[in-house]
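The next part holds the structures, each set out as structure tokens.
Both complexes shown next keep chain A, but they swap its partner, so chain B is in the first and chain C is in the second.
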Partner chain A sequence: MNGVRGRHVVVVGAGPAGLAAARAAADAGARVTLLDAADGLGGQYWRHLPQARPAAREQVLHHRWDTYRELSAAVREHPAVTVRASAQVWSLDRLDDGVRLHVLVGEPDDAGRAPLALAPDALVLATGAHDRTLPFPGWQLPGVYSAGAAQALAKGERVAVGRRVVVAGAGPFLLPVASSLLRTGAAVLGVHEASRAGALARWLDRPWELAAVPGKAAELAGYVAELARHRVPWRAGEAVVAAHGDGQVEAVTIARLDARWAPVPGTERVVAADAVAVSHGFTPRLELAVAAGCALTPGRFVVVDRAQATSVPGVWAAGEVTGIGGADAALAEGAVAGAAAAGADPAPSAVRARDRARGFTARIEAAHGVRGGWVRWLRDDTVVCRCEETTYGRLREVADLTASRETRSVKLTSRAGLGPCQARMCGRTVEELLGAMDPGGPGVDRRPVVVPVRLGDLAALPDAPELPPTPATTGDPT
Partner chain B sequence: MSTGVSGGAAADVVVVGAGIVGAACARALARAGTRVTVLDRGAAASATSAHGEGNLLVSDKGPGPELDLALVSLRRWTVLAGELADELGPRFPSVEHEPKGGLVVVASEPGLAGLRELAAGQRAAGVEAVEVTGEQARELEPDLAPGVLGGVHYPQDAQVQPVVATEALLASARRAGAVVRTGVEVTGGLRGADGRLVGVTTSAGDLAAGAVVVAAGPWSGEVARRLGAWVPVRPRRGTVLVTTPMSQRVHHKVYDGDYFAATQSAGAELQTSAVVESTRGGTVLIGSSREQVGFDDRPRAEVLAHMARRAVAVFPFLAQTNVMRSYLGFRPYMPDHLPVIGADPELPGLWFATGHEGAGVGLAPATGDLVAAALLGADPAVDPRPYAADRPTLSALRPDVSDAQAAQVTCASGTTEKAHEGVRP
Partner chain C sequence: MTSHRISAEADPVRPGADRPLTIVVDGEPVTGTAGQTLAGVLLGAGRREWRTTSGGGAPRGVFCGIGVCFDCLVEVNGLRDVRACLRRAQDGDVVVRQGPDRAGAQEADR
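Moving on, here comes the complex of A and B:
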């Protein structure tokens, strides 16, 4: 406990990074408020059945379930931590003297969620990421799921998205998704990884780094063994380049890809399937970081220093918002960020773990990062924005007609990205297709209204929001 | 033409700013045969023009020169929307010109009396302004709050999609020969031996021109300063809320009677009023707020809450709808509430088309026509004198020469000197 006693640290996000940050901050002497929009702890990584209907099998579905149990218990039982579940931060004001968080507490569909305003001494953003799916012909058909959605249904509801499922995309995340599908009773027809063996060999670069992340290596080895047991083929350098069906996925076309991810003509084969789970990496949830004014990397992650501090005084970040590194990296970064936010020196062991995990983050990007050749599997009639049904052909046509490559203008002239998902699904894709990345800027990720909010809830906000009294020193096991 | 282009000039006219006003000026000038280059430091249609609602309004203007300009400009829009569609073809996105009409509503007797008085003056100036009872208002808009006592219906009010409208005007200007260069920032002025402005220096090199038209919206003051001139445009921040798409329940542009007062005020403090309308995309746009906070672009939840309360007071059903987006932008505010359209009184070669506050989209076509008529010596469609840069209300504010800030001015000979030394000996 070497932090500034009584400093109020707010942690947004209760996945691995946020839980680790909350505990580290509290252990360092801070008063901590941990917020998460979900009704329980764990985030996407440890998504599980609600406590009301617990399952003995969580252990089977989750890696590091013991870590979760220990960490969540430590956070819930810590007297200096207030846990607020079902607490959605919908907006962040950047004021001259710090940030103010605007939170609505309650179930998202309920009218009259209770407003809460927080003006923390320190803020830790652990808002995570959602998975990204590149468009392909037919991806709007029912039966096409993002791998994250398939995983969430498997972990959170014990529902398999189909009976015969193809898993495709890029990155190590495909392996646990295939595993979850197998464990919920689906037949996984194959796991198709876009990166080719050559790129994947980078996993073997600097093997001592990988060996230094034993949990990760063992986890991946376990998935590979599980796939082998179920005779699920894992193929590198392949992609689902089309989905077919009359109102529902009935088959997919799989093709080999070259090193740039362009489909190799003549290698297409059609496979009967009733569902596809596809992800090509992750997009960090940057809304709060952008609202706070945090500097971003050219690849658009939050810039952090060795103590996980962002460019904005009083704001730290941990986990996938700083780079896609998985749960080990998130746990390590959270521990560093939480301690630093509390005004303490992070434990050297936590710093070392974070540094090791960073190597893993770079490794994932080097091996699985999206390559530009994928646009070759698009057709003019391929839907790019599913909310507004804007096609690839229309997007290019409008950009040509208006001679504009600027995302905001093309969004408003083509309607891509204007729908209810607010470009969360297609924004990065539209930027790439237009060649309009906004290096270092927020681009499509500027969303001052972080999530949809009922106008009635907005109207009911108090005029000058009352800041709540400082959290009680006894925990509130919400 | 009368701009006196010197030999070797790259353009007859440089328009600074690729928003709706710059686009309208460029189109009008290019179609009249002028060689036009439009410069914008950012992208086209990306600042003020992309952060409003696309209002074409007469209802929010009292009798006077702004209303006169609006009446002409709204008629121009009706024709222009068809012209642009014919010229650019069916594949070009629609400018979504919607002659939907406006409905101003009030919930108090004093409010109603004030609105009636405004409407009477507007009618005398040529506006169609039809008084409606509460019941009639609810026939026009069935979901209005029960407390609405009455209002005025303005059939001439309309709307366009402002980004498409700007891009369409620019596309049309390009077809007439205009060059649009984005990502090029004006850094200073080029001066002839007689002190006349003969072009601009930019982040991408010098550009000679017979005339320079500043149409940079709220940034016009800064552009003018760089050119060695002065215009008192200031940013006035505004916010818009956007709901998720729904089946249409708002049929007109509906706003509460306080909106007029807010547009006419000079206060720097936060002012909000309900301005509610549907778009073709199914969303409902909710405005509006006015704040003078410079170019501070940090949103504040408090502003959204104020706007939400106002909107729900007019349309209670909106309380059940979801806001999925908000955006904020900066209007070019003028201290005397009139745009500046015309020549700079002190620097020959410099022209302004700016300061339209929240009315730039509606006033753009008439502004473009006025600029083209003035530059080309044609007869203007409206008397341009009220919008002149040397009008008394602005002259009174004009800083003394000794107050003028140093601007980067490059003489055509290539030497650099202070603006006020070069311009105002």
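Moving on, here comes the complex of A and C:
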């Protein structure tokens, strides 16, 4: 305990990074408030059956479940930690000497949730990421899920999204998703990784670094062995390029890809399937970091220093908002950020663990990062914006008509990105298709209202924050 | 049935025994177990679409499963625009499909 006693640290997000940060801050002497929008702890990584339906062998679906048990017990039992679940932070104001968070506490999307405002001495952002799915013809059909959805439903509901499921996209995340589907009684017809062998070999760059984190290699090897046991083919350089069906998925088209992820003509084959789980990477949840004014990297992650401090005094960040590095990195970053936010020197062991785990961020991007050739599997009638049902053809037409590649004007005319998801699903895709990436700037990730809030709740707030003028993304989702 | 919930007996995570609950979806009873979300109950019962888009009149259900995409919106007990993937089901919940035919009501609710 070498921090500033009694300093109030708010941690947003109770996944691996947030849990580690909350414990480290409390151990360093701070008073900690841990917020999460979900009604339980663990985040997406450790999503599990709820209290109402406790499982005897939850560890079957998790890596490092013991770490979760230990961390969640530590924060729940620590006298200096207040855990607030079902607490949705919906906006952040910048003050002269810090920030103020506006929170609604209660059932998701309920009317009349209890407002809460917090102006902490230090803020740790551990808001994580959601998966990113590139559009393809038919991806709006029921039966197409993000890989994260298949995982969340398997872990949190013990629901399999289908009987015969195709898993596709890019990244090591596809492996635990296939594993969870198998352990929920589904048949996995195949796992199709877009990157080809040449790119995947980048995993083996600098092997001495890999050797320093043996747990990671063992984890991946375990998944590969499980797929082999179930005779699930894993194929590199392939993608689901279309989903077909009358009102729901009945089949998918799988094609081989070239090194740029463009489908190779003549390699298409149709596979009967009743569900498909597709993700091509992750998008960090940047709303609060952008609202706080945190500097971003060209790839649009939060810039942090050796102590996980952001460019804004009093604000730290840890986990996937700083780079997609996995749970080991998130745990280590959280431990460093929590101690630093409490005014203490982070434990050297946590700093070393963070430095070791960080290597995976670059490794994942090098091996699995989105390559531009995927655009070739789009057709003019392919839905790009799921909310507003804006097609690829319409988006191009508007871009040509307005002679503008500026995202905002194309969005306003085509309505792409103006629906209730606030461009979370299509925003980066629209930017990519328009060639308007806003490197280092927030681009589509500026969302002053973090989640849609009911107008009645806004009106009822005692000290409603001043909202900047925004397009039609505020207010109720419809 | 495509989407389905694994039975407690067959489940390697060994969840506690089911505590059945029933929700009413567009007038029809649908049974799940306590602790499930509305989306979990619907998918567990083999239903995978429960909204109609206002533009193209297309069916939608869960896509992201974690509250990000807003595809799974339903009206619950008279309250519109509730994300089915986040809201825990309560016995007796009345769930109504949202769609273009309700556009007028939607404006009136604001």
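As a working rule, the second predicted complex is superposed on the first by the 462 of 478 C-alpha atoms of A that agree within 3 Å, B and C clash if a C-alpha of one lies under 4 Å from a C-alpha of the other, contacts with A are read in each partner's own complex, and residues count from 1 in each chain.
One rule holds in what follows: a contact is a pair of C-beta atoms (placed from the backbone, for glycine too) under 8 Å apart; a residue touches a chain by one contact, two chains touch by 3 or more.
What you see is a predicted model; the values in this text were computed from it and never measured.
Once the two complexes are laid over each other on the shared chain, residue contacts for A:S91 go to chain B alone; chain C is not touched. Of the two partner chains placed around the shared chain by superposition, chain B is the only one that A:A459 touches, whereas chain C remains out of contact. Comparing chain B with chain C, more residues of chain A are touched by C.
Of the two partner chains placed by superposition, chain B and chain C are both touched by A:P420. In the superposition on chain A, A:A152 makes contact with chain C only, not with chain B.
Where the contact sets of chain A with chain B and with chain C meet, they give residues 111, 388, 419-420, 452, 455. Those residues of chain C that touch chain A in the complex are listed here as 1-6, 10-16, 19, 33-37, 39-40, 43-44, 48-49, 53-56, 58-71, 73, 79-83, 85-88, 106, 109-110. Note for the complex: chain A touches chain B at residues 91, 93-95, 100, 102, 111, 291, 293, 388, 397-398, 401-404, 406, 408-409, 412-415, 418-420, 422, 447-449, 452-456, 458-459, 461, 463-465. Chain B makes touch with chain A in their complex at residues 42-46, 50, 88, 91-93, 161, 163-164, 167, 170-171, 174, 180, 182, 241, 243-245, 281, 283, 286, 298-302, 304-305, 307-309, 311-312, 318-328.
By the touch rule above, chain A contacts chain C in their complex via residues 37-39, 44, 49-58, 60-61, 107-111, 130-131, 140, 142-146, 148-153, 156-163, 183-185, 247-248, 274-275, 386-389, 419-421, 424-425, 452, 455, 475-478.
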